[in-house]
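Read through the structures below before going on.
In the two assemblies presented below, subunit A is common to both, partnered first by subunit B and then by subunit C.
Up next, the complex of A and B:
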């Protein structure tokens, strides 16, 4: 222990650079993990937070709320499926809005027909809407009492609705856009204000609740069997199967794999070279009675201190980043992910030093008497 | 210089681990860059092929096609602005496409574009009603010349006349038809988004080259703020996510380059320490610090070049094996070359940290036998 620490204090720059490099890598990994989580929550958070256990898209919608339209014929087939306890409309569009007196911005509106079937399942603050001009907003973007005015299209458009935010829901964005959950009448008024040519406002999806005793997945199968144009999904499937989510996850996994390989390789390379350089000294130590296990222990202590130091630096760099938003993406400090990467990288770091440890174990003390000492 | 290269040839193992690490970093740089290029290309192709100088949206659309509506009267105002040479309408509809030979639930995501000012690669006159040109990427979805696709829940039929390259939009394949075809399909399938006669989502404006300066401002002024005119580049940057993707990926690439610099610095610092005695002897027999350092730089460049070449090969293999429609990765020559250059520069910068150590080596120490 003493030897390991003493060596590190004598070669501060060398070990400092390695700790810095590992720290940067840990920072990158944690940041990208948080971006991935924030991006996916921003994409489909509203789908996870909404209260309907089953959502039925039209096959044409390709599992996107904005692309799906349910015509009356398809709706009748869905409502007629055995096992449907309650069904209601959900519509979604993105609008240009003014929040308070601010400049124009974007907001996604999710309109629902029945409370408890498409509105947020949990509120983080405030209450649920009681009238068509009230809304629940995504907590990261709105405050209770915010007035959100839909910007109408041209002078011919009807009077644009103004929504008052009365409740907030956490992680409830859709398409990485500030999101409002509003009663259907309010949603319909918003669509007609934005497009005066709209003749009828059809739902994007039908929200469905099964009768007691019928599982969500069972109802999904029954609805899909009832019509080839219906694409029923459970709430979790609707979130995970949204186009783009799987690609984002795959891309990030590949990036994590590459970064995960770089950390142990850098650490392993460093300690292997150090071991080569110290060959003569290590041989001498063995010759005067130092045990191999003591030298290996010294090496492993250094590895743990280097990787551990890098992890601490990485977390210290990452933590302040979680206090700010990256555009519309919320970067969150996830203790589970931090722990997973810390333990994982520590294990990989120690494993990578085993090559150097093998070299240490192979040292022959007799070499010291013959002028050798190379490994 | 010869000495440096000979050392690499005689003891390749010494440089193997550094080469492996730099190769991984090279793959990371090229993968991150290719991912960015793929994402941007799949979102912006439809704008990049536009044969105009400006895209004109309605003033309150926040530069989003789907929210933009240009009435015929506004179009006339734009056409009469001095400096405007030609104006064409543009409209989009995102729909599911049923392609013969695919299952009833296996739809292809399609963006139908209506136009009357032909983008590059399309015939000057828009095709007759009910016929379209398709983006090249749709060939992988079983779309061929003569195929009749059915678009949207109303099953609006459109027949493919030919193909156009690099015209994807919003990550989806596109089909290009006349504005009449677009209105017909949109109104049949999306009653909430229907448009009246003559209404388009945006205008593509070609400016008169002599008087095109300040054209965007003149158009927006003449329509009293009913329009928002952007250059094609500005319109691309305004597409949802494009500039954010660029910023985030470039920051990640930047930090990765810093890591490459640290790795090279670390490796060559250790190598220099190891060779201090040897350098002392070389200096004692007349080698200059400059010669020794050039050798170190040369070794760093060779390691970085080998890593870059392996990285380029890996990126090309990735590009070939990643199935279409999964990870949006493209390996462009420009990206691969720029990543290799960045890595070589990082290697030179990294090994420069060893310069001080090389300069400090005292030849007398070598003669005295002290390393």
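Up next, the complex of A and C:
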């Protein structure tokens, strides 16, 4: 401790700059991590928040709600699969809407046939709809009491439905669009108002709940086996297999991999350089009886202080950012991610100092007699 | 070893018997020390004089446990160290000898006082006692008002005095000074050697002072000449 702390206090600028650099990198990592989380939540949050444990798409639908259509024949096959306790329709379309007196904007409507099979699992405020003209809205976009009018043209315009937001659900957007969960009758009315030629409104997917004792994955397998046109997915799969999600995750993972290289590279090189620079002092210490393990310990104490200090600075910069919203994307302070990166960067930092530690272990105290002290 | 002999041994700070050191670099063989016998009594100051390359530093390195001899026995304060392992030698250097080296002697990022305290920090960790000892040494060496200075803020003579204090911090049985005055002008060198003698005699500590400079030798109790790795009789 003595050597480690005294050296740092005598070279405050140098160590301060390194701690600052690590802090900035930690800040960038945490921010990118939060942006990734916010982006994916914006894309598929509604799928994660909805209450049906299993969703069955049509194979043609390419695992998107908008692309998938379930015809009555396929629906009958799904309902007939052994292990299905309950099945219901879920429909999704995007509409032009007017919220209150505001200008026109887009909103996604998710219609569900049965409460508990496609409506949000949890509300962050308000209550669930009791009539077809009531809705639960994505919390980032709507307020309780908001009136959302479907914009329609032609003869249907006067009868276009107006939804009243009675409840809110967090992280419940689909396709980064303001999203409303409405009972099926309301959804059907909206589709018919926007598209007067529609005679019947088909569901996009079938929401299914297994009987007790049958696992979600087991039911998924059975449904997929029952029909070549059915593409059954668990709730989590439906979110992660939505086109684009995996690509976004891969891109971010590449970025994180680069950070995972840059941080230990910066700390590793720094400590290697200062180990070279103070080689004469380290040689002297070994010559007067310091154990090499004590010198390595002093090095590791500095690494932990530098990376730890950087993490504290990074979190301090990141935390206020989570209080604001970046456009449509919500930045969340995720303690799990912060802990993961803190521990991970500490481990990487210590590992990066091993090269410097090897140099310390290789010091020959005899060189103090010649004043060499070169490593 | 008889009882009389072992008491004798304990009385001596250093006993070297038949010390040979051979360096082999590539195919070249350098005999740096050739059957050296040297005894330093427990409170004796020995000046070691000889031309460059004669083996003075090599001798000190072996006496101080920095280097193991190719052959022969080294007993420091009653301890036979020639067979010590690396770890045992580290402990020996930490607890039993003091060094003032030819060139680098101070840790640049520690103040004068901390350069003394670091000895306690890597060693016995006496805390309060060590701090008192450091302050006393700095006082004796005329450095009380320079205690908080970094080495870069000290003159050559002051640095050398801090190094002497550092070498005495662990209360050693033997202090090895390798050309302690080579970087100083003769006047300052004279002062420093004077100081060394006072400190050694006040503590009854043995010392070997390596020097080229014959003027310094009158501060020593005895002068030993070395040439081509052999002690001149």
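Just so it is clear, the second predicted complex is superposed on the first by the 362 of 375 C-alpha atoms of A that agree within 3 Å, B and C clash if a C-alpha of one lies under 4 Å from a C-alpha of the other, contacts with A are read in each partner's own complex, and residues count from 1 in each chain.
Everything below uses one rule, namely that contacts are C-beta pairs under 8 Å (C-beta built on N, C-alpha and C of every residue); 3 or more make two chains touch, one makes a residue touch a chain.
Predicted, not measured: the structure shown is a model, and the values here were computed from it.
Once the two complexes are overlaid on the shared chain, A:6 sits against subunit C while remaining clear of subunit B. Once chain A of one complex is fitted onto chain A of the other, the partner contacts of A:77 are absent, as it touches neither subunit B nor subunit C.
Contacts of A:32 after superposition on the shared chain: subunit B is touched, whereas subunit C is not.
In the superposed pair of complexes, A:170 makes contact with neither subunit B nor subunit C.
When the two complexes are overlaid on their common chain A, residue A:222 makes contact with neither subunit B nor subunit C. Legend: residue contacts after superposition of the two complexes on their common chain; A:198 is shown touching subunit B, with no touch to subunit C. For subunit A, the partner with contacts to more residues, out of subunit B and subunit C, is B.
Overlap of the subunit B and subunit C interfaces on subunit A comprises no residues. In the complex of the two chains, the subunit A residues touching subunit B come out as 14, 17-18, 20-21, 24-25, 27-28, 31-32, 35, 58-62, 66-67, 69, 71, 74, 91, 93-96, 104-106, 151-154, 175-176, 191, 194-195, 197-202, 228-229, 231, 243-244, 246-247, 250-251, 254-255, 258-259, 261-262, 265-266, 268-270, 272-274, 276-277, 326-327.
If you check the complex, the residues on subunit B that touch subunit A are 17-18, 20-21, 24-25, 27-28, 31-32, 35, 58, 60-62, 64, 66-67, 69, 71, 94-96, 104-105, 107, 109, 152-153, 171, 189-196, 199, 226, 240-241, 244, 248, 252, 255-256, 258-259, 262-263, 265-267, 269-271, 273-274, 326-329.
Chain contact summary for the complex, subunit A toward subunit C: residues 2-3, 6-7, 10-11, 278, 280-281, 283-291, 294, 365-366, 368-371, 373. Interface of subunit C with subunit A (complex): residues 57, 60-61, 66-67, 87, 90-95, 99, 101-110, 114, 117-119, 121-123, 150, 166, 170, 178.
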